[in-house]
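Input: one structure, supplied below.
As written, the chain order gives the labels A, B, C, D, E, F, G, H, I and J, with residue 1 at the start of each chain.
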Amino acid sequence: MLETFANLYPHRDYLIEIVCPEFTSVCPKTGQPDFGTLTFQYIPDLLCVELKSLKLYLQQFRNEGIFYENVTNRILDDLAVLLQPRWIKLTASFTPRGGITTSVIVEWKKTS
Amino acid sequence: MLETFANLYPHRDYLIEIVCPEFTSVCPKTGQPDFGTLTFQYIPDLLCVELKSLKLYLQQFRNEGIFYENVTNRILDDLAVLLQPRWIKLTASFTPRGGITTSVIVEWKKTS
Amino acid sequence: MLETFANLYPHRDYLIEIVCPEFTSVCPKTGQPDFGTLTFQYIPDLLCVELKSLKLYLQQFRNEGIFYENVTNRILDDLAVLLQPRWIKLTASFTPRGGITTSVIVEWKKTS
Amino acid sequence: MLETFANLYPHRDYLIEIVCPEFTSVCPKTGQPDFGTLTFQYIPDLLCVELKSLKLYLQQFRNEGIFYENVTNRILDDLAVLLQPRWIKLTASFTPRGGITTSVIVEWKKTS
Amino acid sequence: MLETFANLYPHRDYLIEIVCPEFTSVCPKTGQPDFGTLTFQYIPDLLCVELKSLKLYLQQFRNEGIFYENVTNRILDDLAVLLQPRWIKLTASFTPRGGITTSVIVEWKKTS
Amino acid sequence: MLETFANLYPHRDYLIEIVCPEFTSVCPKTGQPDFGTLTFQYIPDLLCVELKSLKLYLQQFRNEGIFYENVTNRILDDLAVLLQPRWIKLTASFTPRGGITTSVIVEWKKTS
Amino acid sequence: MLETFANLYPHRDYLIEIVCPEFTSVCPKTGQPDFGTLTFQYIPDLLCVELKSLKLYLQQFRNEGIFYENVTNRILDDLAVLLQPRWIKLTASFTPRGGITTSVIVEWKKTS
Amino acid sequence: MLETFANLYPHRDYLIEIVCPEFTSVCPKTGQPDFGTLTFQYIPDLLCVELKSLKLYLQQFRNEGIFYENVTNRILDDLAVLLQPRWIKLTASFTPRGGITTSVIVEWKKTS
Amino acid sequence: MLETFANLYPHRDYLIEIVCPEFTSVCPKTGQPDFGTLTFQYIPDLLCVELKSLKLYLQQFRNEGIFYENVTNRILDDLAVLLQPRWIKLTASFTPRGGITTSVIVEWKKTS
Amino acid sequence: MLETFANLYPHRDYLIEIVCPEFTSVCPKTGQPDFGTLTFQYIPDLLCVELKSLKLYLQQFRNEGIFYENVTNRILDDLAVLLQPRWIKLTASFTPRGGITTSVIVEWKKTS
C-alpha cells in the first residue's frame, strides 16, 4: 500500500522529517485503542515515500492489536525495506495508559 | 508478577522509555506515604516488559515501608534480573518532604 | 480523626486555601488506584481544621474503593459537618484514566 | 452501553468536568479518520455517567462516518436523555483538515 | 460552489467555529499575493456549511485581486445568504505588508 | 496624499484594525529621531483608507520635528477629516528616550 | 517594636503594597520551621509603617510556635491597631508541608 | 524646573502614559540608595509636561533622603499643580530592601 | 527571473539568512494548495540574491504542482547555480496535510 | 563622525555588546524605508567606540539607499578600520518586506 516516487536528487544527502500526531492502534492485551505521535527522519537514497500513501498505510493499524515496541519496529522495517534509505529513525511517543507514558525510539542504517 | 514478551527485534539496539508519575510507597520512618515519578530507559535484549504488569508490580509498593534509595535500587534490580536488558536506567524523583526534594538515579549494564 | 482548633478570629470573615496534590484512592470498578489534587477554600466560623489531621484523614482513602463524584462530596460533607464553616468549596482534579480526565467541583454554604 | 450510577448528593448543585482528548470518528465525505478533544461539563440531577462506560461509548464512533456538527449534538443528546442532568455542555475541538480547524459547542438545560 | 447539509439540530442554538489560517488572495493595487487567517463563528439555523466545499470556495480567491475590506465582507455575505444562520462573525487577520498589519472584523445577524 | 476607496458595505458597522510598528519622526527639542508603533482602529462610514497611501503618508513624518502628543492627535485628525468614520481610535507607543517610555491614546467619534 | 511615621498626605486615599517573601515561624504541633510570603496592601490614614521596623517585627516570629491562621490574623491585628489604616489586607502563602500547601487571606476595614 | 508645552488638542480627552524605570532616591533612615519604576497616566487639560524636563526633574531626587510614600505623593502633587490635568495617576514600584518589596499608588482628579 | 547584485565584500565569509513564511505551491497528487516556510542560509561568493526578485521567483510556484521534496531541492539548485555561493542551506517546513507535517532540509557546498 | 576613547584595559580581552533596535535606511530598489536591529559584539584593542557618536553615525543612513548586505558590511568595516578591535561581529536583523525577513551576520578578526 505504501507508494514511492523517485528521489530526483540522489546525488546529495538531505533530510526529510515527517510528524504524524494522529497514529492510533489497539492494545493486544486489553483491546483498548492506543494513541501516539510518530516522528520519522530519513535521508533518502533512490526513493521517497509518498505522503498520502503513508497516511493510508498508518491508518491500517487503526483496528490492529499490537504492542508499542512491535508496531514501532514494524513500521520502521516496512519503510526501510521499501525505501532502502541511507538512514532512518522513528520516534514513537504514546499517550498515558494507567498513568504510564511510553516512547520507543528505533534507528536503521543502510550498510554499504 | 512482572510479565514479559519476546523482543521481536533483538538484532537491533533500540530505546524504550517509560514514565510513571503515579508511584507511591510509604516512608519506613514516619509511616507517611511518599510520592514520586519513575522514569525507565532501557535497551531490550531478548525480552520486553509488558506495561500493564509493570503498572501492577509498581502498585505493590503502595503500602510498603521502604527508603527512596532502596526502592529505586530494588525496582531496577527486579527489572534487570527479569529482562536482562543490554542497558537500563531508572530515575526516581520524589515530591518535597519537610521542604526537601530528593531524586535517585540508578543504572545497570549487561556484562558481555 | 479530623482535628480542629478554635478560630481565634471569628469576628471577621477570612479565607483559608489548602491544596493537596497527593490524594489517592481506588476505583471501585477496576480496583486500580486513582490520583488527584484536592483544593479546599473555606471561610471558618468557630473552628479551623488542623492540617496534620487533615493529611491523615485524606490518607484513609488510600485503599478505599470510591467514585470521584462520591469521594469529593463525602470529603466536603465531612469538613462541613465538623467545621460548620461559613462557606467551603472543594475542587478535585484527577489524573487521566483511559485517556479521560475528570474534575469534580462542590460547594457548601452555612444557612443562617 | 452508557452506564450510570446514582448521584448520592442530588440535594446540591455541583459540577463534573470530563476531558476526552482521544476521540476519533470517520469523515462521511472522504472516509478519512477525524480526531478531536471532547470536553463535557454537567451538573447531575439523579444520575452520574460512569466513566469507563463513557470511554467505551465514545469508542463506538471509531469507525462511524459522521459530520462534526452531528456527532457533537448526538453525543450531547445521548447523555442528556440518559442522565437528565440539570445542565450539560459539550465542546468538541477537532484537528486541522485541509488547513481548516473546526470546533462545535453545544449546550442543554433541563426544563423544570 | 459552497455546499450545505441540513442542520439536524435546529431546535437548539449552538456555536460552530472554523479557523482557516491558509487564506490567500491578490492585492488589486500591486498584484502581489496577500495571506491571512479567517476565523468564522456562527449559530446555524436550517443549514450548516460543508467544510470541504468551504475550503474549495476559499481557494477561488487564490488568484483574485481584491481589497482586505471587500473580501472579508464578501465572504461573510456569501455565507450569510447561503446559510441564513442565526448569527455569523468573520475575523480576517492579514500578514504584514510594507510594515503594516491589518485585520477586518465583520458580523451579520438574522433579522426575525 | 492619503487615498481612499469606497466602502462597499456601509449598511453594516464593522471594524478595521491597522498596526504600523515602523513609525518614525524627529524630536523638535533635540533633533533626534523618534520611533513608535501606531495602532488604528476604526468603523468606516462611506470611505476606507487605502493602505499603501497610509504607509506613504506616515513616511512624511520621517524627517519632521514634532512632539509625541501633537503627532498622534494630528494623524488622528487627518484620518477623521478624510474618512469621516463612525469611530476611530489611535494608540501610539514610542520607544524609550532618556530612560522614559511614552504612549498617547486618542479617540474620535462622528457626531450624528 | 513596630515604628510609624506621619502620613503627610492624609487628604487622599492611596495604596501601599508590601511583599515579604522571607517570613518564617515554627509549627506548634511538630516544632518544625514554616516558610511563607506575606503580602500587605493598605490605605493609610494618619500613619504609615516604617519598613525597617516591619522587617524586625516579622523576625520576632522566627522561633515562635504558632498556627498559620493565627499568625496571619495576629500580624494583621497588630498593624491595624497601630496604623488604624482606612483598609488593610494580608495574604499569607506558606510552602508545602506533608504534601499540603496553605494560604490565609485576611482583611480589616476602619469603621467610620 | 519642570517645563510644559501647550496642549494643542484640549477639546478632546486623551490619555498620555509615561514609564520611568530609572528613578532613584535615598532612604532617609539608612542613607542607602532606593530604586524604582514610576508610571504616570494623565489626561491633559491646557498643558502637557515636556519629557526632557521631567527626566531632569526626577534626577533631582537622586541624592535626597525621602520615604517611598512621601516621594510618590510629592511628585504627583508637583505635576498636578503644574499641569492642572483633568486626571493623573502615579504608580511607584520600588525594588526589594531587606527582603521586602513596596509599591505606592496615588491618584488626583481635577475638581470642576 | 532571479536577479543578483555583486557581493562587494567577497574577501570575507559572512552569513545571509532569509525567512519566507508565505511560500505556497500545489500538491501534484491532489491538486490542493500547499503552504510552508522556507528558510535560506548562505555564505555568498561573488553574488547576492536580490530580495524582491526572490519574492517574485517564489511566487512562480503558486500554481505549480510539485512534491515537497522536489520543490525544496529545485529551489536550492536554482540558487546554487545562480549564486555559486560558498555554502547554502534550505529548510522547508510545510503545514499539516491529513494530520501529517513534513519538513525537508537540503544543503549545498561549493567544491573548490 | 565616529569618535573613540582609549581602552584603559588593553591587557585583558573583554567583550562589549551594543544593541541598536532603531536602525533605519532606504531600499535602493524601491525607495521605501527599511528598519532593523543592529547588534555589535567586539573585543577592543586600544580603542573603544563612543556611544553617542555611534548613534549619530548610524543616523547618517536614515535617508541613504543601500542594500542590507552592503550596509551591514560597510558599518562593520567602518568600525573595524577605526577601532582595530581584536574581534568584532555585527548581526543585522531587518523587519519583513513582501513577506520576507532577512538577517546579515558579518565578522572581522584582527590578523596578528
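Here, a contact is a pair of C-beta atoms (placed from the backbone, for glycine too) under 8 Å apart; a residue touches a chain by one contact, two chains touch by 3 or more.
Model, not experiment: these values are computed from the prediction.
Engineer: Examine where the copies subunit B and subunit G touch and state whether the two sides share over half of their residue numbers (same) or under half (different).
Structural biologist: same
Engineer: Using mean C-alpha positions as chain centres, tell me how far subunit H is from subunit I in Å, no decimals.
Structural biologist: Whole-Å distance between the two chain centres: 53.
Engineer: Let me have the rounded angstrom distance from the C-alpha centre of subunit A over to the C-alpha centre of subunit J, please.
Structural biologist: Result: the chain centres lie 48 Å from each other.
Engineer: Counting only Cα atoms for the centres, state how far subunit A is from subunit B in Å.
Structural biologist: It comes to 28 Å between the two C-alpha centres.
Engineer: Return the distance between the CA-based centres of subunit G and subunit I, expressed in whole Å.
Structural biologist: The separation of the two C-alpha centroids amounts to 62 Å.
Engineer: Show the residues in subunit J shared as contacts by 2 or more other chains, in ascending order.
Structural biologist: Answer for subunit J, listing residues that touch two or more other chains: 32, 35, 95, 97-99.
Engineer: Kindly provide every pair of chains that touch.
Structural biologist: A-B, A-C, A-D, A-I, B-C, B-G, C-D, C-G, D-E, D-I, E-F, E-I, E-J, F-H, F-J, G-H, I-J
Engineer: Enumerate the contact residues on subunit J facing subunit E in the complex.
Structural biologist: 32, 35, 95-99
Engineer: Which part of subunit C faces subunit B closely enough to touch in the complex?
Structural biologist: 21-22, 24, 32-33, 35, 55, 59, 62-63, 95
Engineer: List the residues on subunit C that touch subunit D in their complex, please.
Structural biologist: That would be residues 29-30, 67-70, 72-73, 97-108 of subunit C.
Engineer: Under the touch definition given earlier, write down the residues of subunit H that touch subunit F in their complex.
Structural biologist: Of all residues in subunit H, those touching subunit F are 5, 7-9, 12, 14-22, 44, 48, 50-52, 54-55.
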